[in-house]
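Sharing a structure below in structure tokens format, with a few things to ask.
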Amino acid sequence: MTPGVPLLFSAACLLGGVVCGPRRARTWLALTLAGAAGALGAALLVLGGAPDWEWRHGFAVGGETLHFRLDGLSALFLALLGLVAGTGAIYAQEYWPEAHYPASAPGGRSWWCGLVLGMGLVLVSANGLHFLIAWELFTVCAFFLITLDRQRREVRKAGWLYLAASHAGTVCLFAFFATLAARTGSWEIGPLRGRLDCAPLFWLALAGFGVKAGLFPLHIWLPAAHAGAPSHVSAILSAVAVKMGVYGLIRFSGWLPAPAAAGWVVTGLGAVSALFGIAFALAQNDLKRLLAYCTVENVGIILTGLGAAMLGAAHGDAPWGRLALAGALLHVWNHGAVKALLFFGAGSVLHATGTREMSRLGGLWRAMPWTASLFALGAVAIAGLPPLNGFVSEWLVCLGLFDAATRPGPSAWAATPAAMVLAVAGALALATFAKAAAIVFLGAARTRSAEHAHECGALMRGPMLALAALCLALGLAPVWFWPAIARAAGAWNPAWAGREPPAPLAILGPLQGMLALLAVAAAAGLWWKSRANGWRRGLTWDCGYAHPSARMQYTSGSFAGIAAGWFGWLLRPERRIRRPRGPLPAAASWMERVPETVLERVLGPAGRALLRLSSAARRLQHGRVQAYILYVVAGLLAVGTLVLLGGMP
Amino acid sequence: MNETTNLLIGIAMGLNLLALGSSRLPTLILAMSAQGVVLGLMPLLIVEPPDWRVLLVAVATVAGKGLVIPHLLRRAMRTAHIDREVEPFIGFVPSLLLGAGGTIAAVAVARTLPLLPEHSGSLLVPGSLASVLTGFVLLIGRAKAISQVCGYLILENGIYLFGLLLIHSTPLLVESGILLDVTVGVFIIGIIVDRIQRAFDSLDTRKLTALRE
Amino acid sequence: MKELSLIIVPLVGAMLAAAWPGNRTRPWLLPLVGLIHAALSCWLLAAPPAAPLGAWLAFDALTRAVLPAVSLLFLVCALYGVSYLRVRGERSNRVFVTALLAVLGLLSAGHQARHLGLLWIATEAVTLAAVPLLHFNGTPRAFEATWKYLLIGGTGIALSLLGSFCLGYASLHGGGVGDLTFTALIAQGRGLSRPWVLAAWVLLLVGYGTKMGLAPMHTWKPDAYGEAPGIVGAILAGGVTTVAFTAILRVRAVVSAAGEAAMADRTLLALGLFSMLVAALMLLGTRDFKRMLAYSSVEHMGILTIGAALGAAGFWAAMFHVWANSLTKGALFMSAGNLRRAAGGRTTDEVCGMALLTPRSAAIFVTGMFAVTACPPFGPFFSELRVVRAAFETGHGAAATMFLTCLLFAFFGLTRLVFAIVDGRPRRTARTAGHHFPETMGLVLPPLALLGCSLWLGLWTPGVLRDAWTAAASQFFPVK
Amino acid sequence: MTLILDLLPRFALWFVLAPLLPGIINKVKAWVAGRRGPPVLQLYYDLARLWRKGVVLSTLASPGFVFGPAVAWVAVMGAALLLPLGPAGGAPGFRGDMLVLIYLLALARFGTAWAAMETGSAFEGMGVAREVSYAVLAEAALITAMLALCVQTGSTSLAAMLAPAAGADAALLAAGLFVVLLAENCRVPFDDPNTHLELTMIHEVMVLDHSGPPLAVILHGASVKLLLFALLLTEAVLPVGKLAPGVAAAALAGGVLAVTVGAGLVESLLARLAFRRVPLLLTTAFLLCLFALLMAWKGGA
């Protein structure tokens, strides 16, 4: 079967979903699931070995005839899209039901299908104009999804920020595609590796796609949007929408010749994103903001891999480049699955307690054992710990970097610091997720709402279980997924096509399996032994405090304090402290907020300067007609001067 | 004939200065209408012998600019009970200086422009430029709506003067169309001035600044 | 004959309206005439008549490429106007309907004029005919806006008259007979006297630029658009400005024939970019959503001007943009009018929560906002992207960068303002006003139809339009 | 099958020998202080006793309180098995196994941290916060050391990396790794295993609430980790891969013993650092490793 059939089916179902979304929730769910399954099916067909699907039709949209293409690279992202779209749709049934959100739930369903459709079209478009249409379609749909809860001011602000930042990126893409079209004479996009004059365009793509990908320092929109959006939306945003930016970068770095410095810059930006993203994540108190910053980190890891791959490609298609690229591509999947799982988990917590602030949570494992254990699994995976999937891809990327570092040559100079930064970022990620999982789920409940939490229902649990299973599978049997990765890598650089997995990956799988098995066995054994020895329950000893109270627990701020302090120059936390004074101190308090530094310290002042300029310009429109006529005269003189100056040869 | 036309144009330029220097609105209106009449007579001098179409244009101009429009403006002035420009944006002395300087500059600029031999000795181009400039100074520098209308009309006079360069080649249809448009335009301006007087109870454009950023 | 009917039918309609006795039935003349006009112009679009060379009035390629857009816009506005005037039943609409029809007739004349003087007459007449439309509301603010419109517009139009004379003199001085038809002027070409051509270009550009609303001559626009009824704003922004634009294009052709194409393009580009910059800065801070539309119009006039400066491809894109902008802007003006009346205010200080109060108009307004800021798949996206591409093709990278930056800033301003109005909870006073003003089909369907047209234009630009634009482009940029 | 046959004896070796090291350190400290000190085998006794004891569980704790130590122990053991034992070589031995080793240590850290956080105790939270934070710097130093070894040998497999001796940079590497060893194993000057002031502890404070078999597993895991680092340091510096099996075994044992004694001496002679000075020392270790890397590069080029 050609992949076109499920794709067409999928598009039809999603269109149906857009139409019937507002009215019929059940039909919508069926259609969305069918659409997601269709997309997934098409992607798996291609990844499984079917030839690239290419389809042209004389029918013109916007003056350009239809041209679609599904190759290994787009199929890789399409599979992720199908997965998250389906699970998210199910999750939303319980998380954002009509009964609680009568105003926004119906619209939300249509936007969801629109978003999925838009992203799908981005992936299969082989025409720049259509690519841009689909790009903007999904951007706008995502905006309306982020602002589903638009009665809340913070959500509206976050939505606008997203829209504005996205548009800034889109404008770069306008320039990118327009220049590309101007240079090649056609809107068609495809492999142009020989057109060396197109190489500088990569910088435009980097800026345009970098905004969407959340590359530091273009990530400004990301935390607020992810935190404010409903959790199923956050999940698809982080798992897939952000990856569209990554897709664009990978796609066009593969199709266009890259400038000489591109590999260096991408590696550097990736490493910086990874480090700073996770530093910000560690300092957050808002669970969903933490996850959002963690997305910045993971995109950084992916791009570090991509940058190394570009360096490798530039240095005679070095094999280590292939390793790094494979790691980056696999990390796209891994991060997608894990981050969707984590956002679903965070949504479950939010649903049960009504707050995202970690300092108001705690001890949730008792009420929500499923959510707690699945979130823990996700935390281990995203921190890149064996035996789960996050480790496999990070390991591949690092291996590529290490291999590059051991070869003499200039690329070693890029790979070595990148490897070190990734290691540090990994350690910080561990701290971040130890904190997130522990503060939220372990210990005692810090507030009443946390005390009275409840476990989520089957419709929310099911998608989480599915994603967790996928994480396990990706971690324990990476070799199964290798052909897909190899296919995508071959689409990026034909020199790296080839299905045989790199030798160490074949060993890593069984090793991880053994490790998992042993861990489970050891855990069970220790559990059994402890029980056999006899146990009794008592208050936390804590060196003898008689009345440990929930407020004495370490909070997210105190947990992150040490490491966040090292990044104080970057994070610039705002503190409001009332210290206890005197022998009988009044109430003391400590409030800390970690601002989005780039947004509030850099773009904020720049924006205010722009607004000042604007208000200066607006003062010229002061209502006196005499001055207006003076402006006409001034215009006359200016044009006259221009003509006179131009007249002089 | 150049001497006579130049004399008339000289008078028109003098009237410009009168319009710039006077604080009294009746004087301003008078200067404007007198200029209109003077210019209206010009085609009769330029085209020899004057044919019926030139006659028509001349009569229409004199009637429009010399009679109808001044009448409208005087009426508006009377209903608004104003006869003075009190606080202009550009004072009278600076206006005069600007006007005089502008006139000199107009003569200077006109010298550099390439002209047909039959126009080379004429004051048509400098006169036209001087009037346009005067019109702009009045439009920019005066606060009363009536003064601005006068300024606009002086601007039109200047353009009319320039149009005389083309009097041989412009077809009647175009000429009369232009004339009609100008007349209707001024008529409508008159109506709006009247409406403004009723709506704001004043003709001071300083009060017309509600629409702003 | 059909060409002349385009002018005569609306003018006859205007006379009929002036004489028509019934205040309730008179508005139906608008769609009637609009329909005839649209049918005629579509017919002419599909089957263009031969344009005689020396004629003063002709339906040439440029007219064919632009006038049907105006016609279509007018038809939809007329349909809206019927419902609108029913809402405003308390006022006599005799002058309004008459003037509106006269504007249509004069616009058609202006578009077809191939004589500089005639073009000037038509433009001036349109300016004057629009005056009663502007102060239809009869408020002091409306009179103030009209005053400014008249004075600034009058100044501009006077300058363009001076420019026309200069061009005539250029012909005389160059040894011609002073024939002001474009055909003759272009034929004289390099024979035109260069200094006078340059002077004429400056004056005509600034003069018609004032009419078009290019910065810094745009100052009348926010006042006029802000105070006029939405439908008038739509016709001013989508119709009257296009006459001025085509006038500039025709003059540019003369200047180009005189060998000054590079200079003309440079000034057009500078003026267009400056307009975009000013509009973007204004949009960033303005708080009044009707004035916002005016500034957006300034921005789009800048885009047209830039397109006109970028050779054949840019010209083609500009033709496209005339259509896209007219139709989209029309939808915005109408829905803004609905919002304005339902909310009883116009600034963000007074208005919010319109999505709850008038959901349909608000949805159209938001969609139109996205459309007009070049979000696909609406028309403006395609046209603006083509302008950008043309800029890169002709090596104007810096101009394209500035163009895109201005677009971005304008987007910031527009979205901020629009969402401030649409989101949130409506104020109590506005809620009661909303009950007096239900969204009837007649007030919602026309803007929706325009948006539909904009969408259709973008996604499936009809072949006949492409042909028309190509023909216009090849008329002005003959293939060497 | 051969793999398992190969792994089993090594596992036994690690399992049995590891608890010896803390005993040696304590003995050294006692000698320096002029005391007799606890027997070298003290930890064995402790472990055996703990293994038989009952467990007190905090009312707040979930099953993760018990699972955490188990996972951590498996991870440390796994990491240990990846390390080649000189002549015995690395059992699986594949490219990139040194990264697996580092990440397994991280997993172990996650396990113990998780278990500590279970109790909701402020002290344990404090310990975990310190542990995971200082690990960031320690890991930077460790990975740099690994990079230096990789660059030197041109390989990313532990067996190949550790076979030859480190070159000119051996001293730098040894110093850096030694500091990392002290930090990762919570020895003086980073932590004081013998202190009773909870506010100043890292590792010990994390296990405050553990008891019985879980505590035994934690303590055993800690000793394995100590041995692992000692061995890593030794193998990085000595050319064990190039020696005859017997000599190599002796060299290894001697090296480990020297490192252990060194740790004991440091512990006797130095006081615990103030916490705000800890990052400084770790950064110094990182810089030492970085210089080693640079020298390795220079040697390679």
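By written order: A, B, C and D. Residues from 1 in each chain.
The rule we apply is simple: contacts are C-beta pairs under 8 Å (C-beta built on N, C-alpha and C of every residue); 3 or more make two chains touch, one makes a residue touch a chain.
Not measured: the values here are computed from a predicted model.
Ranked by the number of C-beta pairs in contact, the top chain pair here is A-D. Averaged C-alpha coordinates give centres for chain A and chain C that are 43 Å from one another.
With centres defined as mean CA coordinates, chain D is found 35 Å away from chain A. Chain A and chain B have Cα centroids separated by 68 Å. We define each chain's centre as the mean of its Cα atoms; on that basis chain B and chain C are separated by 31 Å.
Of all residues in chain D, none touches 2 or more other chains. Residues of chain A found to touch two or more other chains are 618, 621, 625, 629. For chain B, the set of residues touching two or more other chains reads 139, 148, 205, 208-211, 213.
Pairwise, the chains that make contact are A-B, A-C, A-D, B-C. Interface of chain A with chain C (complex): residues 60-63, 129, 132-133, 136-137, 140, 147, 150-151, 156, 159-160, 163-164, 167-168, 171-172, 174-175, 177-179, 181-183, 610-611, 613-615, 617-618, 621, 625, 628-629, 631-632, 634-636, 639-640, 642-644, 646-647.
Chain contact summary for the complex, chain D toward chain A: residues 51-60, 62-64, 66-67, 69-71, 73-75, 78, 92, 94-97, 99-100, 102-104, 106-107, 109-110, 113-114, 117-126, 128-130, 132-136, 139-140, 142-144, 147, 150-151, 153-156, 198, 208-209, 212-214, 217, 279, 293, 297, 300-301. Residues of chain B touching chain A in their complex: 89, 136, 139-143, 148, 205-206, 208-213. Listed in rising order, the residues of chain C touching chain B in the complex are 115, 117-118, 120-121, 124-125, 127-128, 131, 135, 139-141, 143-148, 150-151, 154-155, 158, 161-162, 165-166, 168-169, 171-173, 177-180, 193, 195-196, 199, 222-223, 226-227, 282, 285-286, 291. Residues 362-363, 365-366, 369, 372, 376, 380, 383-386, 391, 395, 398-399, 402-403, 405-408, 412, 416, 419-420, 423-424, 426-428, 430-431, 434-435, 437-439, 442-444, 503-504, 507-508, 511, 515, 518-519, 522-523, 525-527, 529-530, 533-543, 548, 550, 552-554, 558-563, 566 of chain A touch chain D in their complex.
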